[in-house]
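Naming follows writing order (A, B and C), and every chain is counted from residue 1.
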Amino acid sequence: MKFERYGIGIAKGMALTFKHLFRPPITVQYPEEKLVVSRRIRGNELVWYPDRCTGCATCAKSCPQGNIEIVTHVGDENNYVVDKFEVDTGRCMFCGLCVESCPYEALAMGLSYERAQYRRGQLVLSKEELRLSDVRQPSGYARPKIEATLPEQSLLVNWDREKGGQKLSLVPLSKKRGRGV
Amino acid sequence: MAIKTEPFILNIGPQHPSTHGVFRLRATLDGEVVVDVEPVIGYLHRGIEKLAEGRTYTQNIPFTDRLDYLASITNNLAYVLAVEKLAEVKVPERAEYLRVITAEMMRIASHLMAVGFFLNDLGAMMTPVLYMWREREKLLDLFEMVCGQRLTYNYMRIGGVSHDIPEEFLPALKRFVAEMPGFIDEYDQLLAGNEILLVRSKGVGVLPEELAINSAASGPVLRASGVKWDIRRADPYSIYDRFDFDIPVGSAGDCYDRYWVRVQEMRQSVRILEQAIPQLPEGEVCAEVPRLLRPPVGEVYGHIEAPKGELGFYLVSDNSIAPYRFRIRPPTLINLTALKDMVIGWKVADLIITFGSIDVCLGEIDR
Amino acid sequence: MTLLEQFQLWLATMWPEWAAYVTPAIVGVVIVIAFALCMVIVFIYFERRLLGRFQIRLGPNRLGPEGIFQPIATAVKVLLKEDIVPAKGDKWLHWLAPLVVFVPVLMIFAVVPFWEGAIFIDLNVGIVYVVAISSVSAVGIYMAGWASNNKYALISALRMVAQVVSYELPVILSILGVVLMVGSLSMSQIVAAQTIPFILLQPLGFIIFFLGAVAEMNRSPFDLLEADSEIVAGFHTEYSGMKFAMFYLGEYCHALAYSCIIATLFLGGWRGPLLPPFLWLLIKVVAVFFVIVWIRATLPRLRVDQLMSFAWKCLLPMAVINLFVVAAEVLWLPESLPWIMVVVNFAFAGALILLWSKLFTLGGGRVEV
């Protein structure tokens, strides 16, 4: 092997890295700055609407992991009353098949992605914990009505290289929409 | 008086910076020279083939995400194509286009990682990886927009795709397609002509054409050895016969050619995207398929050109809701079998870059 | 007469002789070590931020304004780590190796001139002392590799010995060119002689010395002994805690020391207009270090046999030819016209590099086994 090109290739590469010295960084300072996630994000949790749920257990049947546990009894109006609706998010792989299969839109993926816990037991979400709340909001995955109400995702493609600086839209620090811890 | 020397065994991995996962190589070295290598696999075995026999055809799609986790969409595609072949499902036109678009985006993302980490194995101190990560991140944003996840997409369904694209997807993708060739030029400027890269990778880890065919290698590893074999052309699936693209072929079969073929394939993928975006028709994105699909009794082998090579699924149906047999032909496991012939006699540094240039993904090898 | 010697003479007028002898030495040692360690902390921060910017990310920026306290946090973290000695390692050598690496590197600073007269000791063989003392740390690295009882560490140590021995030669030969022009081995005289920086008078010598220095301080693209993709962390795979910190400091100290030497030999040392001389030296040192980081951020590394053939087949013959040409020029060219020498040497360096690009082949490749 020879250095046939007199080091021109090396010089070109050095010029490129030097050029990058003047390009703005593309990283985001995470806990302070948060990007807007996709409207269809399959976040780290599920949201369950007890009033819509009929206890048909279609979601439990469609789960590849057998992760959703539903216990029902027959109620007064010949309907199913849900006694237990439990999801172990520690085993869940957030494929979204349960949400897609639900015929009554009683289950939705969550928006939050910050659901780390210190105990495995805390990852098992019970009937009460799965309900809609300030920190547990549904995402638009397979739910076009919810999708239309969510803000537009920030995209790295739209980041402007020539003008410099972060052109990505960021979420200010807030506890809304379940993004805060 | 001659000094007494003897070969020694160096255990590379499973915890090692450049094994691309949990892979172990028992290398016998004579000084710096590699005398023998023995790959030890199975650290990431999850038994996906057996798990799949207990789940319905739709429930298996998320498991295919976990094979080659750097190219989930193509794993989905290979699997659903095999099932569709088995159950004879007709796929809507729009879904076919969406499949091709996402698969080609995935090929770019996967090749970016492959090229970046190959250069990292060469010792380029993360810089090329981080530049390429930037473009991969843009693609992941788009995937997140379509299917809500950044790594395990679970996007394909039997008979189509799970979701139609949102309206802001196409403008963003057009923007990416427009700027991507410029970035590929930048990567070329950074390292393709770099003398150190040339002396390190040219002529190193040669896989001759004969051996490549005999060891059933596929994908960029095979094409770098000079065999013009691309399943998108050789056995067209989906709608690849409608697009005009070239198959880059190397000549020497060395590490540099494998690197070069991947960079050229990224350019060709951009070309396919450029053609596919204007042609995208309106309509349904998924055919009506029963949720508990019961394909007729029979067996099928479906294969596609995944970024890393020929990814095949062999399915046997007994007319129940779950496959009777679910067998995966992972491209990188079979490409890896040629590693020993490529590295013997080279230095240990060459062993690392040759292994890096095969572009393995351990999720797929161990399954 | 250095400042310390003047201080000693002044003290001798009122203190007993031994105290007047010892006190300036202690003061000087403290100043030099303080300078070296402070600059090393600055360099660690500088390199991490700069690498971040080269890689379009930010680098450490959490602790203090713009992350300036990050090196201190890192140092505290490293010091609090458990000290692990391999069970079957050689415990004494394992303990001794970090010292043997670190101390010689600090000793280089004894002959770096910071100012007119501001030099710890103005040895008349200063540059020879630098070359001699800096290669002692290779012994320490070999000790570390041997004592760790780890194959990665041993491979790294053997690579290190081969590399340092090979690159010493071109480095010394390129220094000789400078010494020929100055006519003295003393560092302060070398600075005093540079009315024109020697990088202009000796472009080829500068390139050879720079590459050799980068190889000696084990930085990319010659960082074979810490090639993390091949041999994990190399010789300090089995080190943790304070001992690892010694290696880490030693590496940056080595970079700092060689930056100082390059600045002194080829960039004019503390000489410069307007600004105070000490600041000029700092600017030059940081500039040299910037180039080293820049190279590290861009280039892949060479293979071990290519590294050897680069030293023996490329740098060494070029250094020998360079030495002869400089000797001829010093003999026959008139001293009153240094600019002729600049033009001639640049043309000659370019021609030689072109010629060597054509002639020179990197050896090695496949070995039949």
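Everything below uses one rule, namely that contacts are C-beta pairs under 8 Å (C-beta built on N, C-alpha and C of every residue); 3 or more make two chains touch, one makes a residue touch a chain.
Computed from a predicted model, the values in this text were never measured in an experiment.
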With centres defined by CA atoms only, which chain is the most remote from subunit C? A
Compute per-chain Cα centres, compare each with the mean of all protein Cα atoms, and return the closest chain. B
Calculate how many whole Å lie between the centre of subunit A and the centre of subunit B, each centre taken as the average of the chain's C-alpha atoms. 25
Please compute the C-alpha centroid of subunit A, do the same for subunit C, then give the distance between them in whole Å. 50
So, what's the distance in Å between the C-alpha centres of subunit C and subunit B? 44
At least two partner chains per residue is the criterion; list those residues in subunit C. 54-57, 297-299, 306, 362
At least two other chains touched by the same residue of subunit A: list those residues. 1, 3-5, 7, 10, 13, 16-17, 20, 26
If a residue has to touch 2 or more other chains to count, which residues of subunit B qualify? 127, 131, 134, 190-191, 194, 196-197, 199, 203
Subunit A touches which residues of subunit C in the complex? 52-58, 61, 294-295, 297-299, 306, 353-354, 356-358, 360-362
Subunit C contact footprint on subunit B (complex, rising order): 8, 10-11, 16-18, 30, 32-35, 119-127, 130-131, 134, 190-191, 194, 196-197, 199-200, 203, 344-350, 352, 356
Show which residues of subunit B lie in contact with subunit A when the two form their complex. 55, 58-63, 65, 127, 131, 134, 137-138, 141-142, 144-149, 152, 154, 162-163, 166, 168, 172, 175-176, 179, 186, 189-199, 202-203, 291
Provide the residue numbers of subunit A that touch subunit B in the complex, in ascending order. 1, 3-5, 7-10, 12-13, 15-17, 20, 26, 37-42, 62-64, 93-97, 100-101, 109, 139, 141-142, 147, 152-153, 155-158
Which residues of subunit A touch subunit C in their complex? 1-7, 10, 13-14, 16-18, 20-21, 23-27, 29
